[in-house]
Amino acid sequence: MSGTWGKNIKLSIFGESHGSAIGITIDGLEPGLEIDIEAVKKEMDRRAPGRSPLATARRESDTFEILSGYFNDRTTGTPLCAIIRNADQHSKDYGDLKKLMRPGHADYTGNVRYKGFNDYRGGGHFSGRITAPLVFAGAIAKQILANKGIIIGSHIKSIEKIQDASFEEIDLNEDLIRKLSYESFPVINKSSGDNMQELILKVKKDLDSVGGIVETVILNLPSGIGSPFFDSVESHLSSIIFSIPATKGIEFGKGFDISALKGSEANDEFYIENDIIKTKTNNNGGILGGITSGMPLVFRTAIKPTASISREQHTVDIEAHKNATLSIKGRHDPCIVPRAVPVIEAASAIAILDLMLDIR
Amino acid sequence: MSGTWGKNIKLSIFGESHGSAIGITIDGLEPGLEIDIEAVKKEMDRRAPGRSPLATARRESDTFEILSGYFNDRTTGTPLCAIIRNADQHSKDYGDLKKLMRPGHADYTGNVRYKGFNDYRGGGHFSGRITAPLVFAGAIAKQILANKGIIIGSHIKSIEKIQDASFEEIDLNEDLIRKLSYESFPVINKSSGDNMQELILKVKKDLDSVGGIVETVILNLPSGIGSPFFDSVESHLSSIIFSIPATKGIEFGKGFDISALKGSEANDEFYIENDIIKTKTNNNGGILGGITSGMPLVFRTAIKPTASISREQHTVDIEAHKNATLSIKGRHDPCIVPRAVPVIEAASAIAILDLMLDIR
Amino acid sequence: MSGTWGKNIKLSIFGESHGSAIGITIDGLEPGLEIDIEAVKKEMDRRAPGRSPLATARRESDTFEILSGYFNDRTTGTPLCAIIRNADQHSKDYGDLKKLMRPGHADYTGNVRYKGFNDYRGGGHFSGRITAPLVFAGAIAKQILANKGIIIGSHIKSIEKIQDASFEEIDLNEDLIRKLSYESFPVINKSSGDNMQELILKVKKDLDSVGGIVETVILNLPSGIGSPFFDSVESHLSSIIFSIPATKGIEFGKGFDISALKGSEANDEFYIENDIIKTKTNNNGGILGGITSGMPLVFRTAIKPTASISREQHTVDIEAHKNATLSIKGRHDPCIVPRAVPVIEAASAIAILDLMLDIR
Amino acid sequence: MSGTWGKNIKLSIFGESHGSAIGITIDGLEPGLEIDIEAVKKEMDRRAPGRSPLATARRESDTFEILSGYFNDRTTGTPLCAIIRNADQHSKDYGDLKKLMRPGHADYTGNVRYKGFNDYRGGGHFSGRITAPLVFAGAIAKQILANKGIIIGSHIKSIEKIQDASFEEIDLNEDLIRKLSYESFPVINKSSGDNMQELILKVKKDLDSVGGIVETVILNLPSGIGSPFFDSVESHLSSIIFSIPATKGIEFGKGFDISALKGSEANDEFYIENDIIKTKTNNNGGILGGITSGMPLVFRTAIKPTASISREQHTVDIEAHKNATLSIKGRHDPCIVPRAVPVIEAASAIAILDLMLDIR
């Protein structure tokens, strides 16, 4: 199984890249919530393809239709289903994919898992396109969180070897995070961003691709969200973040680097300021024992280079059951990282909202 | 909520560090399974405290009693519950913890989450001690996997800045992995291991602590395990691995480093050898599209330095609601990494078994 | 929450009576299953309104569109979503329902539950119309079961005080059950059925309604399906059967009447015939200890009279917060029982399939 | 699987009749709850065996030990596990049960389900004894509900053909319900109760058994609890009630009898009294559209005669695979109904609490 997630907010996702429609059902939304449809569209647009020379040429308006759970411009509290019709499909580009397994893609593993019956066109249900409904759901979750003052923002921490500044080095104020959340290529240092975009255009010309790291922060989270063990904030967040195709790692706070510190360096000492308990450092990224501490929640997601590249690659032909070569002809992103940003934010908004509803 | 996990194998964990007993109920085990009790004890011993100068002086035999689900030396198929009585408790060591929040620990967040009613002694339900039942369950899962030829092994990839070799650099043969799985301080290069242990003893003398990285491999996994999206192998594994206290990051295959590669470098090209489809490289760590590829499943877990250190630290007194200092007197591990190894293996064995049961 | 159900087969249902579409996502179907679309349509037609003078005049073709999970005329194994557009809506018939609570309906409880934000038109998400997607899913489940030789059939055991024969009194052969499953008004004794239909037309003229009891049998179920306690066949079946609007009771085997027997009468004695273990009687309805015995699974479902009647009724006006009277103008069934039959069969097919997938 | 239940309150049950201990883990309890241990014991005593000539002679004190989740006389909010050691086992009474399948019991179906590896002694995990932990959990749930003014009470509606009065015929006041909830043989009419008890003693002498019907009411439930479809009050309640061994039917309000009414009779008309919306009748048993209406929630549970009777019965020997006869020697209840009462109340308390936690 693959398509359901959540405890208090239950998601059910469906669709294939070249099927008739993709969509999501969200169960557990509070009744009476006014959804800012324009804001949802804006989030959808951040992810939508065909918006920039950095992205795939496939052009999808990603127009959604809400089928249920929404009445008189408010949520009803019953399951809300939204679908997005697929439009600009070039299915014939994918004819060979039935037998030639694209390296780095799920063609082969999907074929084994589903005994050859999966829709292989454009990656089918494995396509990054299926994250569009997730962004839809996340956009609603973001609004609910925003109503509580909680803000989620990200920047592109790195593209290949080019680094942006880190959230650790700067003042994490709401204005900055909000500003980042509107940008199509969010970075802290504009010059790093320029270099990154230049690199992406270059690898595109080279028929190659690059990956990167996204750093995300959630501000104004109350302390006490999450649970020990199986419902830790890290467990819950990572389970949905790893649902996003191309994700290969996640780390919280100092993450892997915390393993190179001494305890006396890593421990975040507590202090009281203006009657509020804070920590001097935030090496734990706002989470202690699986529960939020009230400090900014910080995590980083590693995104691999787009698996689709136009260069010839070695692979296997599973029909002939022999070695072969493949040149992928479909349209694809030279770098998926900018489009992954809104998906990561959406997924984390949903995870946080779901955990908050545990607290009574 | 915190204590339940799984789809086909359902775990229910309970207990506090200084309560009368800790334990776990495992639902969904196949009937008729002979459990090698000695092998379970060996796994429990790998995690048990008081075994080495590298570890805490708290001595617990971690003797388990199986209360149900086990009859005539075989599983019955109905829920199997095992408990471990707590023995060597020095609860008075923890008197201050009611009000003085240990930095890096869950004292503060647990207090907020549970409105001050949580058992604070020794970290209560947040204690690493609660991983003992997880190792029990994992030892059974390991046996079930071993019956199918699947082997899980780990080594300590780094302690603070001291590095062992990587699984990437060596031949991943079953003998090596099996050998590692019996060692109390598993490393590839003995000299790295010596240096690591020396460092741990040194920081112990310095009243400090260190963390590290554990690298785990699962050999002989069939292809086709896992699902896209919410039930990806990465989602499922990370959700249980992050249940382990002190975990701050997880990455699969090349992990974060894959983000610095080009697509042409990162893509694992397929080929056929002896009629089996393999990939030339394994940058994706044996997982594509959330599903196993048949290549070794490789992941790394970042473990932070033990939060308990004997040095004086700044903190807050939540009763007086003011700044304070704290010197932790309880016994603790200068480095939790060696004892985390069997827990990570246990958790991953359970996650993999749970996913395998999805496939019919 | 309301819209998700199942363990191995996960359903996610959505929609409102007068919204744009209703639908269902089915996750966990095996890949490669050829669906007999005509057979699905036939099941949908059995439930569809406007087919008979016994039913509501609302005419819906209940044409479904499969959006995902279906490729080259077979299931892909990934989530299958189907939607049904609403067509023949007379929403203005329901204008008063915003404030006048229909007795016997969910208008009032839905208003409280959803704080007045639920879609009240035609009962909204509470409408019996939402069972159409359930019949869709059940039609697929029935086909999967039929491939294993398992047959589900029902008859109308009673309408008001008019009784049909009981499954207990007759020979439960496959031919009869199959024959019943094609009929729009399935009864064992044609004359009882005639009397029932006459009564329904009479109460319709009287602006009143009637209910009844549906008796269902599942033949050729293997023994060993289900589990003790929380996953008993009765628990699983009843949880989905009570999802069907208007259901007020369920009983298995002899049901409530078994409470009037002695143990020596109620116990189903075992014997061996042609090497197969059977029971002489089947008072337990094919279930012992929550698990199928291999005998026919028999249960009865009590359906209340349609709550919508055209007679003037006393009620409350929740806007004015005072007593009021109401005459319902919408179209409605004088008796919902015949249309409930395919829904009950669909729900039980899904429940049984879900439990069968537990057995490995 | 069999042992887990619930959404907000998660139960995990384990144990066998003749194993070392039985128990339950309850996850999701609010922190800081003072448990009235004496009241829990009283509930346990209502179910415990060996208390009356009407019940089995097996004498178990059913003394529970709380292992976790309880600190300084209050719940911690983390998983609460309690175990009950088995004491008075006569396992040799059950030697034959390995091969001779008791009619009406789960011996045969359990053997098939668990491939012969289940603990057959005393019914093993299928034993009614496993309901003791459920009563423990229910006793806590009852206290939480009582803190909100919600009261659960039952009476024995019938034993075999002897009827008590019905809740429908009397004034459902709190005092009566509370009084019933303390009695070991709760009835409305003392004389009916006397006749019932006389009958039970008589059938005991006849080496036979009887069943009956339990009628339960929940008073002071707020309106708006529950959800349409899969989380209807009926779905949730029935799924846990059918977990109780020997249950063969459940009905709400008028239940099966509502099917013999006209809509104009069955519909519960609304009216306002003292500013509160009520219904004149309560044929729907306090539930409309799966959601509580604020009227008393009424349901009846059909309990079959104890399957264990001392008379010789026909059965099969599954080792020799041939017909055989069996005389059950173990101690058993001539009528399980009185001991089922506290179990039904416990189960319904848990179900209602779980649903109430959905409402925010």
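Just so it is clear, A, B, C and D label the chains in written order, and each chain counts residues from 1 on its own.
Here is the rule we use: a residue touches a chain if its C-beta (ideal position, glycine included) is under 8 Å from a C-beta of that chain, and two chains touch if they have at least 3 such contacts.
Which chain is which protein? Per UniProt: A, B, C, D = Chorismate synthase.
This is a predicted model, so every value here is computed, not measured.
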Minimum number of chain-to-chain contact steps, chain B (Chorismate synthase) to chain D (Chorismate synthase): 1
Centroid-based (C-alpha) most distant chain relative to chain D (Chorismate synthase): A
Rounded Å distance between chain A (Chorismate synthase) and chain D (Chorismate synthase), as computed from the means of their C-alpha atoms: 46
Whole-Å separation of chain centres (CA-atom averages), chain A (Chorismate synthase) against chain B (Chorismate synthase): 26
Between chain C (Chorismate synthase) and chain A (Chorismate synthase), distance of the C-alpha-averaged centres to the nearest whole Å: 40
Junction residues of chain C (Chorismate synthase) - those touching two or more other chains: 1-4, 7, 13, 78, 113, 125, 228
Sites on chain B (Chorismate synthase) touched by chain A (Chorismate synthase) in the complex: 1-5, 7, 11, 13, 101, 103-106, 108-110, 112-113, 125-126, 130, 158, 160-161, 203, 208-213, 223-232, 234-236, 238-240, 242-243, 245, 247-256, 258-272, 275, 277, 279-280, 283-285, 287-293, 300, 302-309, 311, 313-316, 318, 321-323, 358-359
Complex interface listing, chain A (Chorismate synthase) residues touching chain C (Chorismate synthase): 1-4, 8, 10, 12-16, 19-23, 25, 27-28, 31-32, 65-69, 71-72, 74-81, 83, 113-119, 124-125
Sites on chain A (Chorismate synthase) touched by chain D (Chorismate synthase) in the complex: 7, 30, 78, 228, 357, 360
